[in-house]
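Chains here go by letter, A, B, C and D, matching the order in which they are written, and residues are numbered from 1 within each.
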Amino acid sequence: MNTSLNRIRSLIPPPLIALMLAVFLFVFGGVLAPGFTNPDQAVNIARLAAFLGIIAAGQTLVIISGGEGIDLSSGALVTLGAILTYRLTGGDDAMILPALLLVLSVGALIGALNGIGIAFLGMPPLVITLGMAGVVTGVIYFYTQGQLIGRTPPAMGRWLSQALIGPIPGVIIVWVLLGLGMWVLLERTAFGKQLFAIGINRTAARLSGVRVNLIVVLTYMLSGALAALGGFVLLGFTQTVFLNLGQPYLFPSIAAVVVGGTVLAGGKGSYWGTMAGALVLQVINSLLLALRVEEAFQLIILGTILLVLLTMYGRQRSVRQ
Amino acid sequence: SAQDEQSFVIGISNSFVSSEWRTQMIQNFQDTAQELSENPDLGVEIELVIESKDTDAAGQEQQIQNLVNRGVDAIIVNPGDAEALRLALEDAVAAGIVVVSIDQEIDGEGIVNVVIDQTEWARISIRWLAETLGGEGDIVLIEGFVGHPANTARMNGVEEVLAEYPGINVVGRETGSWDQATGQQVMSDFLASLPNIDGVWTQDGMATGVLTAIQTANPAEWPLATGEARASYVQNWNAILEERPDFKSIGVVNPPGVATSGLMVAVELLLGREIDPEQLGGPYGNTLYVPIPYVVLGEEWTYTNMDGEETVLPSNLEEIYTEVAELPESYTLDGELTLEEVEAFLLPAS
Amino acid sequence: MNNRAVQLLNRNPYLLSLLLLIIMVVINRALQDNLFEIGPLNGNLRVFTPAILVAVGQTFVVIAGGVDLSVGAILSMTNAILATQIPQDATGDVFVRALALAIGAGLLAGALNGFGVTVLRLQPIVTTYATSFIFAGVALRILPEPGGRLPRELTSFWRNPLAVSPDFALPMSLIVIGLLILFWVVLTNIRYRQNLFATGSNAEAAYSTGIRVNWVKFSTYLFSAFFATLAALALTLGTGTGNPRAGDQMTLPSVVAVVLGGTRLAGGQGNAVGSIIGALILGLIGNIISFANLDSWVRPLVDALIIIAALAIPGIFGVMRRLTR
Amino acid sequence: MKAISVQVEKAVKTYGGVVALAEGNLTVQSGEVMALLGANGSGKSTLSKILTGVIAPNGGQVLIDGKATSFGSPQEARKAGISAVYQELSLIPDLTVAENIWLSHEPIRGGFIKWQEMRANTQQLLDLFKGLYGTNLQPDALISTLTPDERQLVEILKALSFDPRLIILDEATASLDSRQVNRLFELVQTWKSHGMAIVFVSHRMEEIFRIADKATVLRNGRTVGERVIAESNERELVDLMIEGATILQRERLPVVDEQKPVRLAVENLRTNVLRGVSLQLRDGELLGLGGLQGQGQSDLLMALFGAIRCEGQIVLSGQARTFHHPRAAMKADVALVPGDRGSEGLLLIRSILENLMLASWSRYRTPIAFSKARADGGQIAQELKMVMSSLDAPVNSLSGGNAQKVVIGKWLLRSPKLLLLNDPTKGIDVGAKAEFYNLLDRLRDAGTAILFYSSDDDELLGLCNRVLVLHDGEISAELREDKLTRENLVAASMGASA
């Protein structure tokens, strides 16, 4: 079993496995739950996956950067991004762009603080980003005093969430563009190549002239900005904000990255894997719903599926060879 | 005069902040404390100590202990887990502290609960849905946290009423975790995978998410959806009516003002008044039920409760819309008892 | 700072934590006069005990180079078992049976984690994330909604201080903390300790030295699950009831407590006593904020800032050392 | 000691598609030193690890005292009396010397570890190398604070602490200085006389002829022969190891012409280890750095490359420079081939191309002109005669020698003016070394200034124009022309000034 699994793994890259699984589950879902497999549902799943996928983009970079990289502040930043957009635009379409710029900057700033803590104070990413999540949440409470004042610009719902080109909502187009951008960043820029390098071996990277600390800080900045962008986009979907809007997306975004074959240890992975991972998770989610499985069993099934997926390609080297 | 004013320190313990309902609840506490302090008839000076954060049962027990250790005169708690706080609150009662629980009922010695009847609250909207559908159709239910007492009470109400409508089929039931975005996702999924949904029953903030999902999917025939009594929902409702004059919904108020009522009860108890045992009810016999203030409706409707009593609920959407048009979207429609109404719960002053 | 102090801190990072704890106690005492009176002391320590126990269990996993994100769910699950298996009229043997059942279920959960990490060779963080769904689901199956009520004798036994003499009482939780420290001291003097640290520091080297690395890793998940079960016991006795989501907010703080206690997240270095200290620090921060009379809308921010500052202290020391050298 | 005879027959080990060991045969008895020879990647370590139970073979068998045995784990091998000094060391950085040596067989009473006894036993073992290590090496010192040679000693003592009947020394001398090697060889003689069997792996032929009784030679994972050392010679063994390899007999090189421009001038350089080093290096000169391990050679190279902090003056091409980061040094056309290619030079799971390009990506614009990068990478691979399946294969699919070529190729792509080499041939086989020497010649002829640290005296003698010997962070001697002899090198290494 072991070697045949290995063979499958070496033949088909994890992102493709994930994508195939998503398609399979979607098609097979129609057998289990009649009516599940239809174009509306496909668009719906892709739309929901897009939000998750966009939020998981920064997480992908951070995980690739290695050093036990993980960004637990992204959930809180999603919330902050949405709340800032909501308040700053106040429902005015003309304010969308300025708000977007500000949201990205704030996200990048918070991300930079994470990066500085990691690169210069040597704090474990898990811990500092968790702490930062607390700080961002604290900032949100302090900033809003619990009162969510503002409004969503009507254009955001139209452009992002509702059907824009044919039945396709804008967010899916945004997602695909982001996917292209991420591919260029990871595979066709020096930054991307250096990111993979620091994910594997920071000493070797440094001795090859890579400014490790700089790349780490930039990566977390990007992660912060992308999470905040996720909040911006999500506002187009929810139309209103609330204080823990983003938190439910945090762990699924990490799961999407891992299910997409990006190695948690760093140095190996892709964003299109994450995109496939987001689709898988969303199909599973929707399917469980369509099957009317009781919540307790939904959790058990979800956990089991994750374990099985990971076993297919998330295995580490054995100590004994 | 100031000399014979009695001053009380009252502790508030709240274990969930990430909700505007709670924000408004806290605001109500603060406003009421000030009003009562300024009320010359009462002659009290109230200082609030507010412990409010997102936390679990252990964290809320710590809040309560800290309040006790400060030596407060009364504690008003909105419990995250009513049963888990029972012992801690009984200890507080034993230490001579007045304990009032709002929003949720606690089964504990010496604790007074001040709540609305959650079961009845849910019965109103589900009956409206069933009647408006003409007793026929496929509906989905989107509930809050499975296992949360309030959710359980509400779903009991839903089931009781639905038992009277055999023509209504529940084709989907799922939790939206009392989370607007989750509610929206769940509804999107329902709309995509269930071809003909005639109606959707949901609660609280999830209703906004459900409505957004319907707007986004924009099926040929919109399902009939229960709504909520919140400014954002009323504003949205009003906006939709301009394009779809036949759009119908309902918003049953779950008032954050229960805080005001709870605080008044606590103050009266501190002043030595006693509760009229006749007024106490509920599963544990220690609950004062605050009436549901009103229901938002686009057209008049006659509500029949389980005992067959009929109440005519007026069409009030326009009036309410003008009230809330300029309020923040998150504002929850409210209602609270007056001091006189609270007095009615008490034995006459000796 | 003189060299020996630096070296001492380097080799015993939990000393820094101890210092931090002392500072927290002093601040808390300044704000709260009755902190050391038996009532508040007993209450505080009792409330902190579940978090302490979870953190101690987490320490084992972290030292061996892993992390257990399922401890909260295991706590929920065993809390559900205890609450459903101990009725209000339970006798001693019912209690013992329920406890055995809970521990059995906890160890089974730990074994599943250990299986995922050692046999399936999955990354600990994702394995335990995935299994946490399973355990949370089981918890919800066992106890669909919060409830259950324990006999009052049981809850009183745990909630009230143990009267040692007419004028001296000892919080039960203090006894538990004492036992935990004793347990750690014993453990650090047996071979298991060496195997544990070696595995976390360099698993391959440990393996070629003849250490059964997989068993050691496996055992750490049993430890963390076992301590999560004990935490569930403490919680169940403290609240007298069960909640299928009781552990939701216990997992990440346990990792923070472990790090605050000077244990290295990358493995190979650590101390369970430090984790106790870390959990106490987190608890006291909550108290301090409570007694500082801050506006409730700034509290979460202040809370988070204090925690992040505490976490950053070792790093800041490191930078200072580098700059002054 | 109970006598032992060990036989490995037709052992096979594959990793996925990679055959690490195709047919490993080995026989060794009590009282015998068996050398295990072979080029890089020929399977020596793999065979050793099969013997110690660390690796599960895919085929073949191990006979201990004539009985077929299969070790399920290292502790089973140890019970049979086999222990090993591993090439990549098996030490735990966060444990102390004593804890490491006694790991998994700590002295205990009633389950509790007897710390005092453990320390005392450790001291006893350390005394075997008395006087040959620094004051740092104490029973209570953390492994992470030790120098490479001290770690190597601890690894040896650890293997010894199991009281083995067969001990495998896998390149145990690679990081040791000559005095430590001498001492080890004395010990080996004693062990031998007590009836221990020894398997000795080394790339230094001179050592093989000093200590081994027999030699088993591996080529491409296959045992190709066994020879009695006394009846064989270097030529024969090398021919067995590598077909058609030539052993370089090199002429002593002259000192470089004073007319050549000075590329590098260092004045009073100090780091934690260096205590004031001054030197000059001209274009086209290959300046050797000699001395015992850890005397500051690495520090000197790392400091010049901006990888560690230093004080003092560095003048490069006539300009005073301070590099705060390797990147700055790179921009000034300095390159460093680090000492430990696995941990300092390579991104093991990434492709050969990415490894080659790591220092040069910025030259290919954004988005990266990939076809150009690929062409350049292919060219350098060809120049270095890299044996590989494709540029996209991961670096960890390469043998040691070829992996080292990737590290060097990475810098050749940037055509450095000053090349710093930190013991680049450590653990590289004879064939790869010869190619590397030719490369150095070519670079030097092209005018590159090279600063070359080697732990192999023969290399320093055969390759360099001049050699500076470091001792205790200072230059103890400069050897050139007829002063550049083995005797002077050894003497200067001990601190004697020539």
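Convention: a residue touches a chain if its C-beta (ideal position, glycine included) is under 8 Å from a C-beta of that chain, and two chains touch if they have at least 3 such contacts.
Model, not experiment: these values are computed from the prediction.
Could you tell me which two chains share the largest number of C-beta contact pairs?
So the pair of chains linked by the most contacts is A-C.
By mean C-alpha position, what chain is farthest away from chain B?
Farthest chain from chain B, going by C-alpha centroids: D.
For chain C and chain D, what's the span in angstrom between their mean Cα positions?
Distance between chain centres, rounded to whole Å: 45 Å.
Return the distance between the CA-based centres of chain A and chain C, expressed in whole Å.
Here the centre of chain C sits 30 Å away from the centre of chain A.
Go ahead and note the Å separation of the Cα centroids belonging to chain B and chain D.
73
List the centre-to-centre spacing of chain B and chain C in whole Å, with centres computed as mean CA coordinates.
That gives a centre separation of 36 Å.
What residues in chain C touch two or more of the other chains?
Within chain C, residues 140, 144, 204, 207, 299-300, 303 contact more than one other chain.
Spell out, as numbers or ranges, the residues of chain B touching 2 or more other chains.
Those would be 17, 26, 54, 146.
In chain A, what residues contact two or more other chains?
141, 145-146, 295, 320
What are the touching chain pairs in this one?
The set of touching chain pairs is A-B, A-C, A-D, B-C, C-D.
So in the complex, which bits of chain D are touching chain A?
Interface residues on the chain D side: 15-16, 54-56, 73, 305, 307, 325-327, 330, 336, 338, 343-350, 354, 357-359, 361-362, 364, 366-368, 370, 410.
Would you tell me which residues of chain D are touching chain C in their complex?
Touch list, chain D to chain C: 49, 52, 54, 73-75, 78, 84, 86, 89-95, 99, 103-106, 108, 111-113, 115, 142, 158.
In their shared complex, at which residues does chain C touch chain D?
For chain C paired with chain D, touching residues are 11, 189-191, 194-195, 197-198, 200-202, 204-212, 268-269.
In the complex, go through chain C and note every residue touching chain A.
Touch residues, chain C against chain A: 67, 116, 120-123, 125-127, 129-141, 144, 203-204, 207, 213-214, 252, 255-256, 259, 265-266, 297-305, 307-308, 311-312, 314-316, 318-319.
Sort out for me which residues of chain B touch chain C in the complex.
Result: residues 17, 26, 49-59, 61-63, 65-66, 68-70, 81-88, 91, 145-149, 152 of chain B touch chain C.
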